[in-house]
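Two complexes are shown next, each including chain A; its partner changes from chain B in the first to chain C in the second.
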Partner chain A sequence: MRPLDEAEMTQVLEKLHKFVGSNLKHVLERPSHEGPDGKGGYVFRLHKQRCYYVSDALVRRATNVGREKLFGLGTCLGKFTKSGKFRLTVTCLDLIAAHAKHKIWLKPSAEMSFLYGNHVLKSGLGRITDNTAQYQGVVIFSMSDVPLGFGVAAKSTQDCRKLDPNDIVALHQADLGEYLRMEDEL
Partner chain B sequence: MATAMDVETPMDAGGEYELDLGNLLVARARDPVRLSNGTAMTEEERDAEYVESGRELVQELVDRLFNMPSTVDKAGRLVKLPKPSLQLPREKPLPKARPMTKWESFAQTKGIKKRKRSKLEFDEGQEEWRRRHGYKRVNDDNDIPWIEAKSGDEPGEDPFAKLKESKKERVAKQEKNQLENLKRAAKQGGKGALPSTLQLAATSLAITGSKQSSQRVSKTDLGDAAGLASTATASIGKFDKKLPGEKPAKKLGKHRKFLPVVDGEGKEKELITNVMRKVLAENDFSGLDVNKAVRAHNVEESGKPSSKKIGGKKRADGAFKKGGSRKGMSPGGKPGRSPGKAAGRSEKKSSFGGKPGGKAGGKDRKGSKR
Partner chain C sequence: MPGVTMSSGGKRKRKQKGTPGATALPPEVNEDDLYVSDEDLQFVKKHAQYAGFMANLDTATINKAFEGPKKEKKPVKKVERTEEDIESRYEERAERNAAKSDENVEAMAVDEDVDALPVKSLTGELRYLSAPKKPSDAKALLEERKANLQKANGTFVEPPSEGHEGVSTVEAQPGDTKEKKVKLTKQERKKLKRQERKTEIEEKKKSEESAAAGGVDQDANTEKEEVSYISVQQRRMELKTHMAELGMGLLANPEANLGTLKELQEMCEDRDDSVARLALLSSMAVFKDILPGYRIRLPTEKELQMVVSKEVRKLRDFETALLKYYQKYVQTLIRAAKSPARRLASLKCMGALLDAAPHFNYRDSMLKAMVPRMMSFDDEISNLACDAVKSLFKNEAKHGGEATVEAVQLIAELVKSRRYRVRPAVVEVFLDLSFDENLEKTSTTEKNAEKANVKKSKRVEKKEKKEKKRELAKQLRKEVKDDFKEASSAPDVILRKKLQTQTLAAMFETYFGVLKSSLEPPDEKVLAAVSREIDEGYDTLGLRPLLGPSLDGLGKYSYLINVDFMADLLSTLGVAAAGGKNAETRTPEDMLTVGERLQCCMVAFKIVRSNLDALTIDLREFYVQLYNLLFEFNSVRHDIKYSKVFAEALEVMLWNNRQNDMQRAAGFLKRLSTLALHLAPAEAMAALVTVRYLLQRYKKCRNLLENDGGGGAVGGNLAKYTPDGDDPDVSGALSSVLWDVTLLRRHAHPGVVKIASEIASMSAMTETTMLLSLTPSNAIDLYSTRGGGFRPAIQAPAKVVKRKAFKSAGPMSVSSFDDLAMPGGRINLEEADISSIPESETAEIGKHLAKEFRTLKNFKENSTLRKELRRVTARLELHKAYLASKPKVSKVSKVSKVDKVSNVDKALKPTPIISKKRKPRK
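Now for the complex of A and B:
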C-alpha cells in the first residue's frame, strides 16, 4: 500500500474526470467524518496494482495489516494494467454514479441485456442527458434510477436521434453483472 | 532587412512600410525621433509613437489577412498565405562536400566523365533484354550450363569453381577499396567526413586485448563502477563486509521515492489538488458553447445561411468598411476604431453565418472564431 505518484494520479483523475466532469472536485474534497476529530478526507492508495479510494482514518488502521495479508481497503476504483494504463472497475460505480455528469437511462426490456455485458442499443435507450458528446463517459441507470454500470457514449445526443433501433448508443465498459461473472477477479 | 526587391512597400498615413504576407512580416524602416515641425521628441513621446506605429502596422497586416480568400476548416477559417517575398538567411552552414574517392580524383585528373548507362541490356545467349545488374542479369555466371574446354586448361580443374573464385576476388577487392577510401576520408576530414552509419563505429571503444588504446577512463568513473558493482547483491550491498578503509560509494543508482503511507497529509493533499487543477483546466470548455459552434459549423458546411442573416451581415460590413477607411485617414487611428468595433459587436450573432471568402471586417471574424 502506497500513495500514488504524480503520473499515476494524473491517469486516475483523468479517467474519473471522463465520468464526473467538474464534479471531480466534490469527489476529491469529500469529507469522510471519520478519525479522531471527525475532519478526515479521502485519499488514493495503490495496493497490488489496484487503486483504492479510502478515508484517511481507514488508511491509518490499515497500516496495522501486513502487505501480504492486506486484501483490499476502501473502495477499489480500478486497476493499473501491466502496460501501465488505468482502467475503472465496476466497484467504483457507486462513487461515479453519485457524481455523474452524463447519464443514460435504460428501458426495463434492455436492462438484462446490458447486465450480461452487451452494449446499449438505440432500442433500449430510455433517456439520455442533453449535450452528451461522442466518446463521453456515461453512467448507465435503470428507469428507477438504479446505477447498472458505465460506459462510453458511441454517439452524441444529437446523433442518437437519427440512429436505427439496432445501432449502438453506448459502449459497455462495466456492469453490475461482473460481480457474478468476474467474482474472483474483482 | 529588405534583401529581395519585390517586397511590397505600400504607403499609409505614417509613411512607407514593408509588407510580406508570406512571412507575416510588416515593418517600417523609419526612426520617429523628430516631429514634423522639426523639434526633438521626448522619451515618452517616442515610446508612444513606437507603440502606436506598431499597432497600426499590425492592424494593417491583420486587415490584409482577413481580406484574403479563405476556406472553411474544422478549426475556423483557413487562409493560404502567398509565397514569402523576403528571403531569410539559412540557419545552418552549408554541408561540406564529401571527400573524393581515389577513382573520382583519378577520373577528374584524366577528365573521365561518368555516363549514364541503360538499365537493360540485350543478352545474346538468351536472346532477350535483361537487367545489367542483379537478379536475372545479363551474362550471369550462374546461368551458364556448360563451359567449353580450351586447349590451355589444366586437367582436373573445375572451371565453375574458378569462376566463383574470381567473383569472390573482385568483391573482396572492391571492399578493400571502399575501406581505403573511408580511411582516407576520415584522415582528411575527421569523423564528420564519414557516412553517418559509420560514425558510431569509428568512435566505438577498443576491443579488449587489442593494442589500440580506447578513451582514458577517469578515476571517478572507476569508483562509480566499483560502487555500483558492490551493491549488486541480493541485499543491495546492505550486509556486505566492508574492506578496511573502503568509503561508501558516491554514485548510487536511482531509487523511486513515494510519499509516506500515512503522515504525508499536507503533501498528498497538495499533489491531489495540483493534479486536479491540471486535469480540470485541460478539459475546461466552459468558454465554448458547443451547440452554437456545431450549428455554425453546419451552416458553413452547407453554405446556406438564412436570408435574414445575410442582410444583417451586409449592414455590418458597410459599417466596418466605413470605420476602417476613417481609421486609415485619422492620424491616431483611435477615433476610427470605435465604429468598426461597434459593428463587430452588433453583428456577433450572425457572424457565424458568413460565406467563405466573404469580406467581413477583421475584428468581427476574429470574434467569431473564438
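Now for the complex of A and C:
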C-alpha cells in the first residue's frame, strides 16, 4: 500500500474527470467523519495494482496489517493494467454516480439488457442530460434513479435526436451485473 | 317711351342678376326674360301711366347696391364692411319685394330674414351674416332632402345644389370674385355652374392662403384674419355637409358618382387641417365600403386591345378609375402621416383600411408607412399602428397571409436596424400571430408516406416479377389518385406553407437577434449612434426592452422551432440564464435581471417540452441556474409580474417536470424552504406549496423531515449539506433537516403557518389528506397583498356568547341513565318528545327506563361471564384428559393437584400454565 506517484495520479484523476467533471473538487475535498477526531479527508492509495479511495483514519489503521495479508481497503476505484493504463471498475460507481455531471436514464425495458453488459440503444434511452458531448463519460441510471453502471456517450445529445432506435447511444464500460459475472476478478 | 321700357326691362334684368347672388332666387327663372319682346313693349306702352314710377326710381342707389362690389376692384376693407351693411339691408328689402311678387320664394325669404341675425365677431363688432349664406344652407338642406328622395328612387342625379353652393360661397366672399361672377351671369347657365365650381376652389385656396398668412404675421393682417376666421368656421361647416353629401352619393351609387371622389381628394389636401382631417376620414369611410373584395389587376395592353362586352368594359373602367383614386388617396395619406397635425387622422385611416381591406392594392405602401410608427414614443400613435398590425395578423383569412408576411418582415427589418432597441410593443404584436400546425403535419405525413413508398419499392424488388408488376400497377393507380387530389387542393396549402415559413423565419430571426444582442453588454458607441436617431423617450426603454416579449414569444411558439436550431438556442439561453457573456466580469446593472434569467430558464423548458417527441432531455444546466437564482430572487421591490415569473418558473421547472432525481429535488426542497423564511407571504406560499408538492412526489425526501442528521443511507456519498453550493445535485441536502419549516410555523401569515404545519406533519400523513389543489401561481394570486388589504382578511375577534342553560334538559342530565352509552343525536330527538311531557311523568319514565337499562346491562354482563366460564371449564376438561393420558408421573399429578386447588382466576390464563408444565419436564 502506497500513495500514487504523479503519473498514476494524473491517470486516475483524468479518468474520474471524464465522469464527474468539475465536481472532481468535491471528490478530492470530501470530508470524512471516520476516526477518533471525526475530521480528515479521503486519499488515494495503491495496493496490488488497484487504486483505492480511502479515508485517512482507515489508512492509518490499515498500516497495522501486513501487505500480504491486506486484501483491500476503502473503495476500490479501479486497477492499473499490466501495460500501465488505469481502468475504472464498477466498484467506483457509487462515488461517481453521486457526483456525475452527465447522466443517462434507461427505460425499464432496457435495464436488464444493460446489466448483462450490452451497450445502450436509442430505443432504451429514457432521458439524457443536455449538452452531453460525444465520448463524454456518462453514468447510467434506471428511471428510479438507481445507478446501474457507467459508460461513454457514443453520440452527442444533439445527434441522439436523429438516431434510429437500434443505434448505440452509450458504450458500456461497467455495470452492476459485474458483481455476479466477474465476482472473482473484483 | 323707350327709356321706361328699358328701365323696366333693366330692373327685371337687375333683379335676375341680383337674385342668384343676393337673394338666391330659384334658378328656374328663364333666360328668355332677358330679351324684351314686342308684346312687352306694347304692354308697357298701354299702361304707361302705371309704369311712370319706374322713371322716378333711384337707380343710382340700386345700381350702387348691385354693382357696388363691381366698382371696388381692389377692395379696401373698411369700405367693404359698410358695403356689406348696405348690401344686406338692400337684400332684405329686395327680398320683401320678391316675396310679394313670387309666392314660391316667399317662405324662403322669410326664413332668411329670421335666420340672418347679426353675428358678433371675436373682436366684439356686430356683423351681419351675409344673408345669402343661410339661404344657401337652407337650400342645401332642401337639396339634400331632394337627393335623398331621389336616392330612394334608385337614381341619383348629381345634385344641382353644388351650383348654388358655389354661388353662395362666392357670394360670401367679397371683392373681385363677385365681379367675376357678375360677368359670368351673362353667360349660359351650365357654363356658369362649371366656372363657379372653379372659382369656388380658387376661393378656397385664397381663403386658406389668407388664413395661413394671418397665422404668420398677425399684426399686419388682423382684419383680414377676422374675416378669414368667420369664413373658416363657415367653410368648415359647409364643407362638412358637402362631404356628407358626396359620401352619401358615393355610397348610394359608386359607379355613377366615382368622379366625386376627386372633390373629396382635393379636400383631403386642404390647407385647413381640420377640413383635411375630416376629408381623410370621410374618404376612408367611403373607400372602406366601395373597395371590392378582390385585388384589382389592371388590364394589360393585350387585354385592352381585345374586344370585350359593354359590361366588362364598364367594370374595367370603373376599376381603373377606382384604383387611380385609391392610389392618390393612399399617397395623400402617407404624405399626411408626416405632418404632425394630420398624422393621427391619417394613421387612423390607414389602420381602418388595413383592417377592412388588407387584400387590396397598395397595402404594402401603407404597411411601410405604418410599421415604423409602431415604435413611436407617442402612445396613441404607437397603439394605433400596433392595433392595425394586430388586426392584420388576426384576420389572415382576409388577405391569405401575404400581408402578415410583409408586416412581419418589415417589423423584423425595423427592429434589426434599430439594434433591438425599440418599444416592446413592436415585438409584442408577434404574440397575436397564429400558425397552423396542421400545415407542418401534413408535410411531415407526406414525407413519411414517401419514405414508406421507398421502403415498399425496395421490398418489391425482392419479390417476383409478376407480383412486382401487379404492385406497380396498384401503386400507379394510387399515385394518380393522389396526384389528382393534390392538384385540386395542394397549391393553396403549398402557398400557405411557404408564407408561413417566411413569417416564421422573420419572426424567429428577430427573436434570436434580440436574444443574442442581450447576451453582450450594450456597446456604448452603437447605443449613442442609435439614440441620436431616436429622440426622447429612448432612455425609458431600459437596457433590453425586447428581451421580455421575445422570450414570451419563444415560449409561445416553441413548438414551431426546428429541432436543428434547438441546440444553439438552448446554449444561448443557457448563457443568458447565467447572466450573459462574461457574467463574472460584468457589473450587476449590466447583467440580465433575475426575472429575465428566470424567464430564460422557463423558455428553455418550454422548448424542450414541446419537442418531447424528439428526445427527453434533462436540462441540468438550467436547474443549476434556477437553484442559484432562487437566492437572488427578492420580490419586495418589484411588481407582481416579477412574482408571477417566479411562480411560473417553479411550476414549469419543478411541478410539470417529472424528471428530477432525488438529490436534486432535495436540494430544491431545502433551498425553497430556506427562501420562504425571508420572502413576502405570497411568494413564501408559492415556495411552500412547491415544497409540499415535492415532498409528496419524492417520498424518500421525507427523510428531511426526520430529526436525524446525516441522512443515513439515503444521503449517500454526500454526507454534509452545503447551503451555499451552486449545484443542487451535490448540495447534500438529503443529509440536512428541514428546520426552516418549524420556524415558518410561527410565521405572521396564517396561510404560511397552516401550510408549514402541514408540511411538518407530512411524514406521518397519508397522501389524501394533503391534497390541496394549490399551485404556485394560485398561491401568488390568492395571497398577494399588492392590491392592498390583508389576505386572507383578518377575522374579527369572536364574540363571547353566554350559553343559556337548557332547562328542559335538566332532569335528563340528572337522571341516572345518562352515563349509559347513548348517542347524542338520539337524546336530542327524545328531548323534543320529553319536553312536551309533564315533569313528574318524565321522572317516572326515567326511573323505568333506568331499570330497563340496568337489567339489559346485567344480562350482557351475565352472558359474557357465562361464556368465559364455559371456556375455562372446557380447558379444564382438556387438561384432565391430558393428565389422564399420562398417568405415571407423580410430580405432574402433584402439580396438577395444586392447579386444581387454584381457582378460576388462574384458569383465566391457561397458556402460561401449560408452558410452565412442559418446561420442567424437559
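Rule of thumb we're sticking to: the second predicted complex is superposed on the first by the 186 of 186 C-alpha atoms of A that agree within 3 Å, B and C clash if a C-alpha of one lies under 4 Å from a C-alpha of the other, contacts with A are read in each partner's own complex, and residues count from 1 in each chain.
Operating definition for what follows: a contact is a pair of C-beta atoms (placed from the backbone, for glycine too) under 8 Å apart; a residue touches a chain by one contact, two chains touch by 3 or more.
Note that the structure is predicted; figures quoted are calculated from it, not measured.
Engineer: Does chain B (first) or chain C (second) touch A:R2, or do both, or does neither?
Structural biologist: In the superposition, A:R2 touches chain B alone.
Engineer: Contact-wise, after the overlay, does A:N23 reach chain B, chain C, both or neither (first, second, both, neither)?
Structural biologist: second
Engineer: With both complexes superposed on chain A, which partner does A:L186 reach: first (chain B), second (chain C), both or neither?
Structural biologist: So A:L186 meets neither chain B nor chain C here.
Engineer: Tell me which partner A:L13 touches in the superposition: chain B (first), chain C (second), both or neither.
Structural biologist: Once the two structures are laid over each other on A, A:L13 reaches chain B alone.
Engineer: In the superposed arrangement, does A:I168 touch chain B (first), chain C (second), both or neither?
Structural biologist: Neither: A:I168 stays clear of chain B and chain C.
Engineer: Tell me the contact category for A:N131 with respect to chain B and chain C: first, second, both or neither.
Structural biologist: both
Engineer: Answer with first, second, both or neither: which of chain B and chain C does A:A98 touch in the superposed model?
Structural biologist: It touches chain C, and chain B stays clear.
Engineer: Overlap the chain B and chain C contact sets on chain A and report the shared residues.
Structural biologist: Overlap of chain B and chain C footprints on chain A: residues 131, 158.
Engineer: Under the definition above, what is the set of chain B residues touching chain A in their complex?
Structural biologist: Chain B reaches chain A through residues 256, 258-262, 264-265, 268-269, 271-273, 275-276, 278-280, 283, 290-291, 294.
Engineer: Spell out the residues on chain A that touch chain B in their complex, using ranges where they run on.
Structural biologist: 1-3, 5-6, 9-10, 13-14, 17, 21-22, 24-25, 28, 41, 43-45, 56, 59-60, 63, 131, 133, 158
Engineer: Quick check on the complex: what are the chain A residues that touch chain C?
Structural biologist: Contact set of chain A toward chain C: 23, 26, 30-31, 33, 94-95, 98-99, 101, 103, 105, 125-131, 141, 145, 157-158, 160-161.
Engineer: For a test of understanding, state which residues of chain C touch chain A in their complex under the given definition.
Structural biologist: Counting only chain C, the residues touching chain A are 563, 566-567, 570-571, 574, 608, 614-621, 659, 661-663, 716-720, 727, 730.
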